[in-house]
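Note that the chains take the letters A, B, C and D in the order they are written out, and that residue 1 is the start of every chain.
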Amino acid sequence: MASEEYTDRELMVSAAAAEIDNGDTAFVGMRLPLIAFQVAVSTHAPDSMAVYESGVVRDAPADGFIHTMCDLPNLNRAVSTTGMIDIMSRLQRGDVDVGFLGGAEVDRYGNLNTTRVRAGDREVRLPGSGGACDIACMADRTVLLMPHEPRRFVEEVNYVTSPGHASDGSGRENHPAPGGGPSALVTSKATFGFHDGELYLRSTHPGVDADDVLADFPWDVNTASDVGEGTVTTTSKPTGEELELIRTFDPDGFWT
Amino acid sequence: MASEEYTDRELMVSAAAAEIDNGDTAFVGMRLPLIAFQVAVSTHAPDSMAVYESGVVRDAPADGFIHTMCDLPNLNRAVSTTGMIDIMSRLQRGDVDVGFLGGAEVDRYGNLNTTRVRAGDREVRLPGSGGACDIACMADRTVLLMPHEPRRFVEEVNYVTSPGHASDGSGRENHPAPGGGPSALVTSKATFGFHDGELYLRSTHPGVDADDVLADFPWDVNTASDVGEGTVTTTSKPTGEELELIRTFDPDGFWT
Amino acid sequence: MAANSLPTLEEAVSEIESGSSVAAGLALEHAIPFAVGHELLRQGTDDLTMIGPISDLLFDQLIGGGAVSGIRAAWVGNVSAGTGYRFREAVENDRIRVENHSNFSIALALKAGAMGVPYLPTRSLLGSDIFEESDLFARAEDPFTGDEVVQVPAVNPDWTVVHAQRASPEGDVHMWGNTGITDPAVGAAENVLVTTEEVVDSETIKSDPSRTAITREQVTAVVECPFGAHPSPLTGHYNRDNEYYLDYHSQTDTQEAFDEWADEWVYGVENRDEYMELVDADLSITEPTVAAEVQYGQ
Amino acid sequence: MAANSLPTLEEAVSEIESGSSVAAGLALEHAIPFAVGHELLRQGTDDLTMIGPISDLLFDQLIGGGAVSGIRAAWVGNVSAGTGYRFREAVENDRIRVENHSNFSIALALKAGAMGVPYLPTRSLLGSDIFEESDLFARAEDPFTGDEVVQVPAVNPDWTVVHAQRASPEGDVHMWGNTGITDPAVGAAENVLVTTEEVVDSETIKSDPSRTAITREQVTAVVECPFGAHPSPLTGHYNRDNEYYLDYHSQTDTQEAFDEWADEWVYGVENRDEYMELVDADLSITEPTVAAEVQYGQ
């Protein structure tokens, strides 16, 4: 649903960047979050840091496009280039404020599947967890990003690669994973929060109708007003500054 | 019992160096073993390596006297300067061939005490284990070094800082520690081996009478012939080359 | 290892027997030992169990070439493009065993091996199917706090393969840039094969012992192999060849297509020099950063 | 930490409250933060629990000055001379609590804290009185092999104190030479105080990110403090002042003697500059070794 002003993915990057607070340590993996951290640290979150499971720690955008966390511009003038045990230890001891996750499937409690999905009779193998399961289990909060496609929204994921919240309304209280669990889902049409561990519609992207969004889910998705979190708003458009940054960080639109 | 040719401690260094085989990884701590490794790697064991719990790995003598493993000549032109978990991991996974230990007390199974001893009514507090307990538990073999003083040889140590062998004749078979346990004790009068986990007299230093050595122990110490390990021999004197090396590595006789 | 004449890549790789378990691709998208992977394919080594965190293409290529019977990893694919088709097809057709890990669980398994303990505990995996569907891990109650933890058993690969910036003939290795799980994988391995951009004398290594990532007693062989990590990037040497990843993705969606790709890039070249002639990209570092000076001494 | 004006040593040390647990002396005989120890004594901070592996004099001095109520360590003494008299007398007179460790068990306790797990397992300690006499550790059967292991519970100090070669005002730190258990102690601590020979700009740190040992979010304060590790050695800066260790040994065998020693070396000086005027030794590095060049870049 690209407009003439910006692409869906540019809006997703902007919305993801907004989930990073100033001072946060953010756990950044593949794809859009690579750009989102760079936008956040360049705008409202100048004192945030990014940690990458490869062993990289950064406090500033890379001076050049990065396809992966290990592209040399992401290592050059990093704060630290170390190993995974160091980074995952920060996560496990509770020092990571926010982590980003993608997924092929998500359910109403924020469980994610990136391991294997069913397509008719066939089971399709996906790449797997990478560090996603670890981030999902242990980050203070996680932000989920995925294209808005109805087949991705399921009552029960085929495989829990990255745990979400408990299904009893207790969020992470009665869940064995120690972190805070999902706090937001950003799709190409809307943003969602979690209330008592369950997904609810927080905002729709400019030009998107809330009912259309809700119709894409196989369960009755709550809205912000259903759960006492205000009303469904309209997602902020990327600012001119954000768009300029996104197009600097990803000049050929490889990710966005 | 210094002769005009060499001191007791020079002989102990020579005897300790002889316990390092070429190709060994040796775990070196404080005092005489600092010199013994340097002698060994300069003579019969050129392919041996030393690891120090501070994080140092060396393949050659320091180019200057060292009071401690962390004196700068021991760090300068080291193969690696890393941390303790790295070094202790090598030990725990079985990659250390020989470790050196000192002690205030030793018993017939090679248990060592460096924590607290009784002196009449009084209990005297000593510095403690350092890495000694770890080396004693996990090295493939250990070599014990101590001045030859009867009060140090006891039926039962007051505190097992560094475990020796099981007391049932099984050596390390029925002992919970995974390493090979003590293989030799070098004192200022004699060298000892261990047979079925129990101390026996292997050699006396030049000019020392075996009966005098045995009389210093509160139990009937076996001799090499008692346990079928040949006969009690005379410890080799330090060679001229060894003495020259020792006096190069410790020019003021601080340790020797 | 002994510091005589160094083996060639062919000689060193021939020591890796069919049926071995091999950890590789340990620094994630950085410094992946592709040269060794391709030589394994040329030599027809097979029945390998590949161990690693994410494997950015390397495992997919080895699977495509029929070298692999098992995978112990957290992610297998193509970081630039997503799916690794050879992996996906092999799993869907039950041609390889897969042990699903998270990045941290495979890291901890190797770290346990490196530390010489039977397992390491973690707070990760709890509530995931990586844990629930597997009989690999154990659930335990921590005796001190009563907390639930997962115990990850040690993994000790037969071989760990590493590509580094410089190494001495003795087998001491300097690495810089991020290292992922290289350190635990080296410590856990029975044998370590190091390919390096540059063989340097021992004095170069010893001028900076805090830079030493691997020491000689862990190393089975050192091989000089410039561009040994291409198409992955190597800090201080060359950038990622992203086009290669995209081309591979578009050219390997069937086994026939893969075979054609491999005929050109793997079987059609004798060695790494010939391989590099195929590469049509300037990956050189045009904005070098020189590390601030450090002194040791006495 | 925020990168505004840096605190003085006095200001930074005043943040360490009486009753705190403090890990220090973590690189063994190297880089011991004596300047911080002496400032703690001058400020009258007390009831401290000191945590560390071997403590080459630092803990003995703090005990002598009445600052310590507990010790969690593997060895307390004087590596050049043996006994630490203030430690020995305090233990023999039951004036301090002592938790006996081996070097590895205190390392693992801190590593567990740094990793965020309740314990780490080890094959060490088995059969020793460090284990048998203590109620700190747990014995467990490994569920995978049936082997007996010891579980070492996590230790999380209120403060970890480190002396380093260079740090940025932001709190990113370069260290080189051996580091002992610095890394786990930093990871495990609630607060980290870094004293440094030299404050450098952030670009210096970022020119060599693989040299970075500590990153800012772990650091509470950075203090510029040349010779902050004297009499211990610091790689690239100064040698061990062994005479100091021997003099201390011969001058502190009674409390009265210690008090006299401390009046000269601790209470009789205002700050580290005055302290260094007392030092009568040339500890400078006369044979520097410059680390081989390393490049990053893109």
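One rule holds for everything that comes next: a residue touches a chain if its C-beta (ideal position, glycine included) is under 8 Å from a C-beta of that chain, and two chains touch if they have at least 3 such contacts.
Computed from a predicted structure; not experimentally measured.
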Shared touching partners of chain A and chain B are C, D
Relative to chain A, largest Cα-centroid distance belongs to chain B
Counting C-beta pairs in contact for A-C and for A-D, the higher total belongs to A-C
CA centroids of chain A and chain C: separation to the nearest Å works out as 28
Chain-centre distance (mean CA atoms) for chain B and chain C, in whole Å, is 40
When centres are defined as mean Cα positions, the distance from chain C to chain D in whole Å is 36
Chain C residues touching 2+ other chains are 116-117, 122-123, 176-178, 205, 207, 210, 235, 239, 285, 287, 289, 296-298
The positions of chain A in contact with two or more other chains are 56, 63, 71-72, 75-77, 81-82, 85, 91-92, 138
Full set of chain pairs in contact is A-C, A-D, B-C, B-D, C-D
Counting only contacts in the complex, chain C reaches chain B at residues 113-117, 170, 172, 187, 203, 205-207, 209-210, 212, 215-218, 296-298
Residue set of chain B touching chain D in the complex reads 30, 52-56, 63, 67-72, 75-77, 81-85, 88, 91-92, 115, 122-134, 136-138, 159-163, 175-178
Residue positions on chain C within touch of chain A in the complex are 27-30, 53-54, 56, 73-77, 79-80, 82-84, 87-88, 91-92, 100-105, 107-108, 111, 122-130, 132-133, 148, 176-184, 232-233, 235, 239-240, 242, 245, 285, 287, 289
Counting only contacts in the complex, chain C reaches chain D at residues 116-123, 138, 140, 142-145, 147, 149, 151, 153-154, 165, 174-178, 200, 204-205, 207-208, 210-211, 235-236, 239, 285-298
Touching chain C in the complex, chain B uses residues 25, 49, 56-57, 59, 63-64, 71-73, 75-82, 85-86, 89-95, 138
